[in-house]
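Each of the next two complexes has chain A plus one more chain, namely chain B in the first and chain C in the second.
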Partner chain A sequence: MDDPSLLALVAVRVALAFAPVPETFKYDQQLSSPLTAYSRLREGIYLFDHGVDPYSGGSFRHSPLLLSLFSTALPLTRYTSPVLWTAADVLAAWALARIWRLRTGAKYTKRDKQVIALYLFNPYILLPSLALSTSSIENSLTLLSLMFASRGRASASLFVFAILIHISLPSLLLLVPILLLSISRPVSSLTVPHPFAGDPKGALPLLGEFLGYTALLSFASTLVCGNWSWIEKTWGAFITLPDLTPNPGLWWYFFTEMFDHFRPFFLLVFTVHLLIYIAPICIKFQHDMLYAVFLLVGILAVFKPYPTLSDPGLFISMFSLFPETYPYLRHPIVTGLIHLHASLLLPLFNSLWLRQGTGNANFFYASTLVFGMGNGAALLDAVWAGLRVAIGKLDDGYEVVQE
Partner chain B sequence: MPTILQKLAGVATALRQRLRGGDDPNATRIRRRQVLTNKLWKGLPFIRLVLFLVGYLWMLALPSSQFGQRIYIDENALQPAQVHTYWNWNDVHRADRILEDLEQLRDRNATNDEIARYSVGVFEKLGIPARTQRYSFDTLGGAINGTNAYAVMAAPRASGAEAIIISASWLSRTGEGDETLNLRGVAIVLSLAGYLKKYSLWAKDLVFVISDGYLDGMQAFITTYHGLPQANLHTEPLELSSGVVWTAINVDYPGHSFSHLGIFFEGLNGRLPNQDLMNSVGVISRHTGGVPVVVYDDLDPRETPSAPTVVPSWMPEGLKNNGDVQEYAMRAKVISRHVNYQARGAASGVHGLLHQFRIDALTVYAVPATGPHGFYALGKILESSLRTMNNLLERLHASFFFFLLVRPEIFMKIGMYLPSAILVGTSMLFSGLGEWVNAGWLLTSVSLEDEEKSEKARPRSVEKWVSRDRPVLDAVTVMIATHAIGYVFWEAVSRRLAHPAILFLIFAAAPLLVARLPQPTRPGSAPVSAVLKALNLCFTSAVISITAVLNFSLAAALAVFMGIPLTLASPSPRLPSRIGKYALYSILALGWLVFCPEDTGKALWNWEVLRVWFAPFVCVVYVPLVLQSALVCWLPS
Partner chain C sequence: MLALRLILLLCLTFLAGAREEPIGSLGRQGSSHTNNWAVLVCASRYWFNYRHMANALGMYRTVKRLGIPDSNIILMLADDAACNPRNKFPGCVYANPGRNLDLYGDNIEVDYRGNEVTVENFLRVLTGRVEPSVPRSKRLLTDDRSNVFIFMTGHGGNEFLKFQDNEEISAFDIADAVAQMWEKKRYNELFFMIDTCQANTMYSKFYSPNVLATGSSVIHENSYSYENDYDIGVAVIDSYTHYVLEFMEGINKTSQTTMEDLFNTYDPVKIRSHPGVRSDLFERDLRDTLVTDFFGGVAQVEVLPPLNGSPRPRVSFDEIMSETAEFGVHQEKESGLVASVGDINWHVFLAALGEGPQSEVGRPFVRKARTWASTLAVLVMGCWVATRRK
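Take a look at the complex of A and B:
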C-alpha cells in the first residue's frame, strides 16, 4: 500500500463510504439478509446493553462474536460504522492482492492495482458494504483466511476461518480446500495438473486445531450470552431457514410455497446438496487448491441459504486471481449479459413488488432465477476454463471434448 | 432364424449408426455442432432481419381489430353498478347554486386564497373539517404559487385507517392545462360533500381536495400528505390528516354539459392504475349513469357524426368507409395518445400524481358538448363509483396493472403487446453478439501453395478463421466516458446554462474528445469500433427489454428510435462519409434540443415540479447510447 495511486483508490472508497446514501439502502433485501442486516445488529446490541437476551426473540441472528465486539470494543455510531466497514473492505482487497502476489511469486506486479480496484469498486461488494451488511465482514474473513493459508500460516488461517464459521456457517464448505491449501502452495498449476503434492494426512492435525478453535469460540460465545440459545438462533437459521424475508438467493421462494410437512425433507436436501460439491471439486483440482476454493465460493454464491449480493461479488472479484484462464472461458459475453440483465431486473422487480405494488412475489423470484442463472453460468465458465487451460492452445482442426 | 426382437435391434443399430455417423461419437458430436454453428452464423443476418420485421410489424398491428379482448371485473368485492343511487335533482340544484358562487368569484378575478377560503367555507358549513394549504414551487421559469382547499370526512363506520380521495383541480385538463376553468368539477365535488355526509355507510375516510392550478396544487398536497420532502417546494403543513389512501377519483367538467365520459388514467413515470378500477367506473357510467364511455376525449365519428374523422384524408374513398380501416384508425389514435403520455412519463390528468403513492386513481372527464348530460348523471356516477371503492377490503390484484387499452371495453394483456419491443431488443442482442464474434475472429484466406511444388498445383486459397484480441477495456472506457458526458449534459440542460443550439454543438462535439481515449489499434487486435458497437448493441438491448416491463411505451419508442439506426452504424474509410454519418447520429441523439424546444421545456418542467425521470433518462441513457453509435462511425475501422 505504498503506491500513491493505491492510496487514491482507498481514499475514493472512503469518500464513497461517507457519500449520502438513501436510508432505505440499509433495509434493501438484496444488500442485506436477515442474518446480515445492520438494523438487526443494532437492535441486538441495544437489547444486549439493556440486559435483555437478544436471542430470546426472532429478529437478531448475528453471531455472539459480533455482538460482543460491537457492544464493547468498537461501538457502532454514524461515523464509526462506515469506517469499520470500509476498513473491512480494504483489508479484504489487501488480502486479495497478497494472495495474487503469492500466487505469482512476485513481490510486486502490475496487476496489483487492478486486483484491488476490482474488489473495492465491484458494485456487488460496494453496495452491501454501503448498506453496512455484515456480509462484507464475512468476505474479508474469507479472504484473510485464504491469505494466511496461502502463506502457509495454517494456525492463523484456521483461527480466522473458525471466526468465519461462527458468523456464517455455510462457509464450512471451504474447510477441506483451505486445510489442503495450507499444506500445499498457492502457485498456479492449472496448466500442469498433477496429483496432490503434499501428504493429505498432514491436514488431520490441522483439522483438530480447527475444531479446537471452534470449540474455544463457541465457549466464548456461550460465556457472552450466558446460555446456548445462540446456536439455534445463528447456526440453526442456516439449516432451518426460519426467516423467509426475500433475498437474491434461491431458497426463500421455494420454502415460502412449500407445505409444512415437506419442509424438513427439503431443508435436508438443500443443505446436503451443498456438501456434495466438496469432494469432486477438491479431487479434480487437487493440483490447485486455491482454484478449488474459488469454485466453492462460486457454489456458495449460487446455493447459499441467505445470500446477499456480496457473495456473488466475492466470486466475481476472485476471478482476478486467475488471469491464465481468461482465454478459455466458455461464454464470457453471454454470462456477462445475463449478469447485466439480472442486476437491472433485481432492483426493478423488487420495487415493483414491494414499493410500487404493481407486481407480486413471482416477479422478484423470476429475477432471482435469472440472477442464479448468471451466477451458475459464471461458475460453469470457471470450471470449464480451469480444466481447459491444462490442454493449452490447439492446432487447427483439433477440438477438445469432455467425456 | 432371427426373431422380431433381433430384427428390431438390428434396425435400431442401423438407425443409431446413421445418426452418429458410425465412428467416434465425440467426433460426430463435434461435427454436428460445427454444422449447427455454421448454419446459425450464416443465418444470423436473416434471423436478425426476421426479428426486426416481426417486432416492428407487431407494433404496427397493435391497433388491428384482430387483437384485444373484452374487459372484465376481476375483483368480486367491487360490485360495480350494483347499488341504488339516491343523488337527485335537489342535489343538482345545490350544485348549481355553488356553481353560481364560483362563477361570481371567477368574474371578479378572485385570488387563489379567496377561492380556497370559499371552498373551506362550504365544507365547514356542512360540518366537515376543512383547511387551506398555501404552497409555492421554485422553478427556473419563476415561482408557482397557489392555495389548496381540502376537507377530511371521518368514516362513520371505521377507524379511518383507509381513505378515498375525491378531487377537482381549479384548472381543467383541457389542452393539458390551458387555463380552462374546471368550475363544474369543483362545484360537483363541493355539493357531493354535503350529499355524502348524509350517509353512514362509509367504511373509509373521504378526503375532498380542491387543488389549485392544474398539476402543481395536487403535487403540493399529495407530497405533503405523504411527508415526502421536495427541495423546491415550500408549503404549509397539513393540519388535517387521514389514513392510507387506496383509491382516488378526480373530476374534470369544463363544459356546461357533456355527451360522453372520458377516462384518463396515465400517471407519472408511466404508471397505470389498476384496470379493475377503470373498468368499474366504465361499467357504472354506462349502467348507472347511462353515459357512454370513451378513452380520453376522442369521440368515434361512426357514432358521433359531428366528431372529426380519424381516417387520414389521403386514403382512397373505398378504404375510408371500410369498417376495419376505421376501427384501425380509431384504435391507432388511442394508442398513439397513450404512448405519448406514457413514454414521456407525463400524467394525463391530476390523478396521475397519486399513482406514485400506490393510490389507484383516474380522472373522469366530462367531454364538453351541448348535451344531454349534466350534474345529475355525473353525480350518480360518482356516488356509485365511491360506493364501489368503499367496498374494497383488500388491495386490487397485482396482475391488473399491465394493459393496453384500445377501446373503452377492449384491452390487450401484457403478453399481447410486450413481445413487439422485446423482439426488437432481441434482434439487437443478436446483432451485438454477431459483432462480438466479428471483433474476435477474422475470416481470412490463406494460400496453400507451398505444399505441392508441382506446376499443376495452382495457389489454392482456403478460408480460415483467425482469432484476434478484443480491446474490451478501451470500449468500456469509451462507454463510461460518454455516459459521464451525458450526465454533464443533463446538468447543463436542466439548468438551462446556454442556448439550446450552443448546447447541441458542444455536446455533439464532446464525444470526439472521447474518441482520443483508446490507444491506437495494436497489430493483431480488433478495432475499438467493432467492440464498441458490439457492447453498445448488447447494452441497448438490455435497456429496451428491461424498460419494457416498467414502461412499455418508452421501450417501444426506444426500439423505434434506436433499433435500426444503432444496428446500421459502421465505420467508413472516407472522411466525408464519416463526418456525414457522425452528424446524422448527433442529430438523432441531440436534435430534439433544437427541433422540439416546447417538448423539452415540458419535460424539464415535469422533472422540476413533478420529479418525472424521463428528461434525465433521455440525457443520461438515450443520448450517450446514440452518441456511442456516432463514435462507432467515427473511430477508425
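Take a look at the complex of A and C:
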C-alpha cells in the first residue's frame, strides 16, 4: 500500500471529490434513491437538530445510526462530506484489494493496483459517490464485512454486517454465504469443486452472535430516536415500498400501476423472490463461498427494491476478484455493450421525461429494463463461467451442455 | 372678512396637499391590490362581427400574457366565429390582416359562450349574485384587494350597449352594478374599457369611488374598424382596440409603464375617433398607476431576511433573487410591515409542526446526550469486537 502509484490513485480520487460537481448530481435519480439521498440525509439531521422527529414525515428514511453519527461525531459540511465519502471509497477499495490478496494467497500481486483502480474509478461507483449517496457507505461496509470474513474473523465480519443491515435491509441475502465464508477459506477453488470444507453447524453460534449485534444496534437506534418508529420508516420502506420515486431498479414502475388490492401480494412475491436465490447458489457454489457472495451481490443489483448505480457497480468491480472465469465468459462484449447502451439511455430518458417533457415514464422504464437485462446478462454469464471453469479445457469433439 | 378668506384658502391648500398622500402602502403611492381579475365581454354575435370577437380574444391573450391566470378571467363571447362555416381558417381567429397570430389557439377558456352571454349574466357576474349551481369558474370571486379590469366591445350607442342582437344594457345598469360591487367590497380599483360607437357615454354614469374608465369615441361619433382581411372577408379588429393592443405588446410583467403613458398614446387621427378617459373617481395619480396594475397579474414579493440562528441558504437565495426580478419586486426598506414580520418566532413554527413524539426529542440537552450515547455505544461495541479473535 505504500506504493507511490497507489497513493497517486488515491490522490486523483481525492482531487475528483473536490472537483466542481454540478448540484444536480445530488438530486439525480440514478445516483441516489429515496433511501440513500444526501439531501434527505441533511434534511433529517437538520430536523433532528431542531427537535422535530425526522421520522414523522415521509422524506427521511436513513438509519438512526447514520443520524446519530452525522449529527455528533462526523458533521456533514461542504468540506467534510467529500472527504468522508472519499474515505469510504478508499476503505472499500483497500478491502477489495485485501480480499484479492487473501484469495490468491499472496502478500502482494501485480494486479493489486488494477483491482483498486477498478473500484475507485468505476463510473457506476464513482458517480454516486460524487453525488454523496449513502450507497457508497453500504458498499464499503459490504466489502469490509467480506474482508473480515475472508480472514476468518467472524465477529468483526458479523458486526460490520449488522451495521450494514441497519442501513440496507436487502443485504440480508448475503448473511448465509458470509457466515459460511467465515468458517471456510476464500482461496479460489472454483476449478476443484468439493463439498463444503468447514462444519456447517459451526455457523449456528455465529448466527446467534449476529442476531445479538443486530439487537444491540437496534437498541442504540431506539436510543437516538426515543421510540420504535424508525423500524417502520427504514426497514419497512424496503418491504412496503412507500416511496415510488424513479430509480434504476425494476420495482418502482411495477408498483406505480399496481392496484391496492394486489399490492401486499406482489410485495410479498417480490421480497420472497429475493430470498429464493440464497439456498441454490450457496449449495451449488459451496466449494467457493466468495463466489456465492459475488453472485448474490449480482442478484441484489438486479432485484433490489431501491437500487442506485452503486449496486451493479459493486458487482462489476468484484468481477476483478475472479480472473479464472474470464476465458469462460460467453458473451462479455454483448453484456458490456448493453451496459454502455443502458448507461447512456438512463440519464437521457430520465431527462426527456422529467425535464423536457417530451417523453413519458415508459421511456425511462424501458431504459431500466435494458439496464436490468445488462445486469442479468452479466450475472448469468458469471454463473455459467463459475461452473464451466470446473470442467476446464475440452478435448476435441466434446462440448458442454447444461442438463 | 379678508382673514376669513385667508384661513379658508389655507385650509383648502392644506386639504389639497393632503389629498396627495392616499393610504397606499407599498412604494411611492403604489397600488394596494393583491390580486387581479378581468372580465372580458364581447356582446355581439354573427360572422360579420368577427372583429368584436377578435377584440375580446386579443385582450384575453394580452391579459394572460401579463400574468392573470384563467381562473381569474371571466371571458364572455358568443364564440361563433372560429368554427363558423364561413370561416376559411376553421378553428382560428386572427386580429390582423396578415394573419400572423392565431388568437383562438388550443388553450383558451371561454366561461360564458353563446346564449349565456346575456345582460342578466353579466350583471350577476359583476355583483356576485349568482345561483348556487353556478360553477366557480363562472364566478367573479374578487375581494376588497382585487383590481378588476372590465373590457366590453360590441355595438353601442348613447348610453347603451347591444347584447347579442337581442337586448341592451344601459350605462345606468353598469354604474349601479359597480356601485353594488363597491358596497360589497368586491374591488379595490376598477378599470373600465369599452370599444363601441359612442363609447364614452357608457362610462358617464359611474358614481362609485376608485373607478377609472376609458372609451373609444365620444357621443355622436362612431368607432371604426381597423382593416379588412381579404381572405377572411370581414374586418378583423377595431381601430381603438388595435392601437391599445399594439401599445400592450411593448409591455411585459416587469414594465413600469403607467396608465398616463397609455392614454398619451391616444391619437384621434390614427384611431379615427376621439377616445376619452374618466379619472375623476380614481384616487391615485395616473402617473403612478402602472399598466400592469390592471392588465397584469403581477405578484408583489417581499423577500424576508433569514431566520435568527439558521445559516443563510446559498443557492436558493440566488434563485429567489433572479425569480423575483421577473415578478417586479417592491422591496421594503423602511416600512414597518417587514420589521414586524422579519423576526419570526421559532417556537410558533415548531409548535405548528405537530405534536406527539416531538416532545421526546424536543429538549435539546437530552437529545444531544442520547445521540452521543448511541454513537459511543456503537463505538464501544466496535472496539470490543475488534479485540475478539475469531
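One rule holds in what follows: the second predicted complex is superposed on the first by the 403 of 403 C-alpha atoms of A that agree within 3 Å, B and C clash if a C-alpha of one lies under 4 Å from a C-alpha of the other, contacts with A are read in each partner's own complex, and residues count from 1 in each chain.
The definition used in the following text is that contacts are C-beta pairs under 8 Å (C-beta built on N, C-alpha and C of every residue); 3 or more make two chains touch, one makes a residue touch a chain.
As the structure is a prediction and not an experimental result, all values here were calculated from the model.
Bringing the complexes onto one copy of chain A puts chain B in a clash with chain C. Of the two partner chains placed by the overlay, only chain C lies in contact with A:V224; chain B stays clear of it.
Applying the stated contact rule after C-alpha superposition, one finds that A:T245 touches neither chain B nor chain C. In the superposition on chain A, contact of A:D53 is made with chain C only, not with chain B.
Applying the stated contact rule after C-alpha superposition, one finds that A:T256 touches neither chain B nor chain C.
With both structures placed on the common chain, the touch criterion links A:L216 to chain C but leaves chain B unconnected.
When chain B and chain C are set side by side, the one touching more residues of chain A is C.
In the superposed model, A:H341 makes contact with chain B only, not with chain C. Remark: of the candidate stretches 5-13, 23-31 or 95-103 in chain C, the one overlapping chain B after superposition on chain A is 95-103. By the touch rule above, chain A contacts chain B in their complex via residues 333-334, 337, 340-341, 344-345, 348-349, 352-353, 355-360, 396, 399, 401, 403. Residues 315, 350, 353-354, 356-358, 360-364, 367-368, 370-375, 377-378, 381-382, 385-386, 388-390 of chain C touch chain A in their complex.
Residue ranges on chain B touching chain A, taken from their complex, read 26, 29-30, 271-272, 358, 395, 398-399, 401-402, 429, 433, 436, 464, 538-539, 542, 545-546, 549-550. Interface residues of chain A, counted against chain C in their complex, comprise 23, 48, 50-53, 55-56, 64-65, 67-69, 71-73, 152-156, 159, 163, 213, 216-217, 220-221, 223-227, 229.
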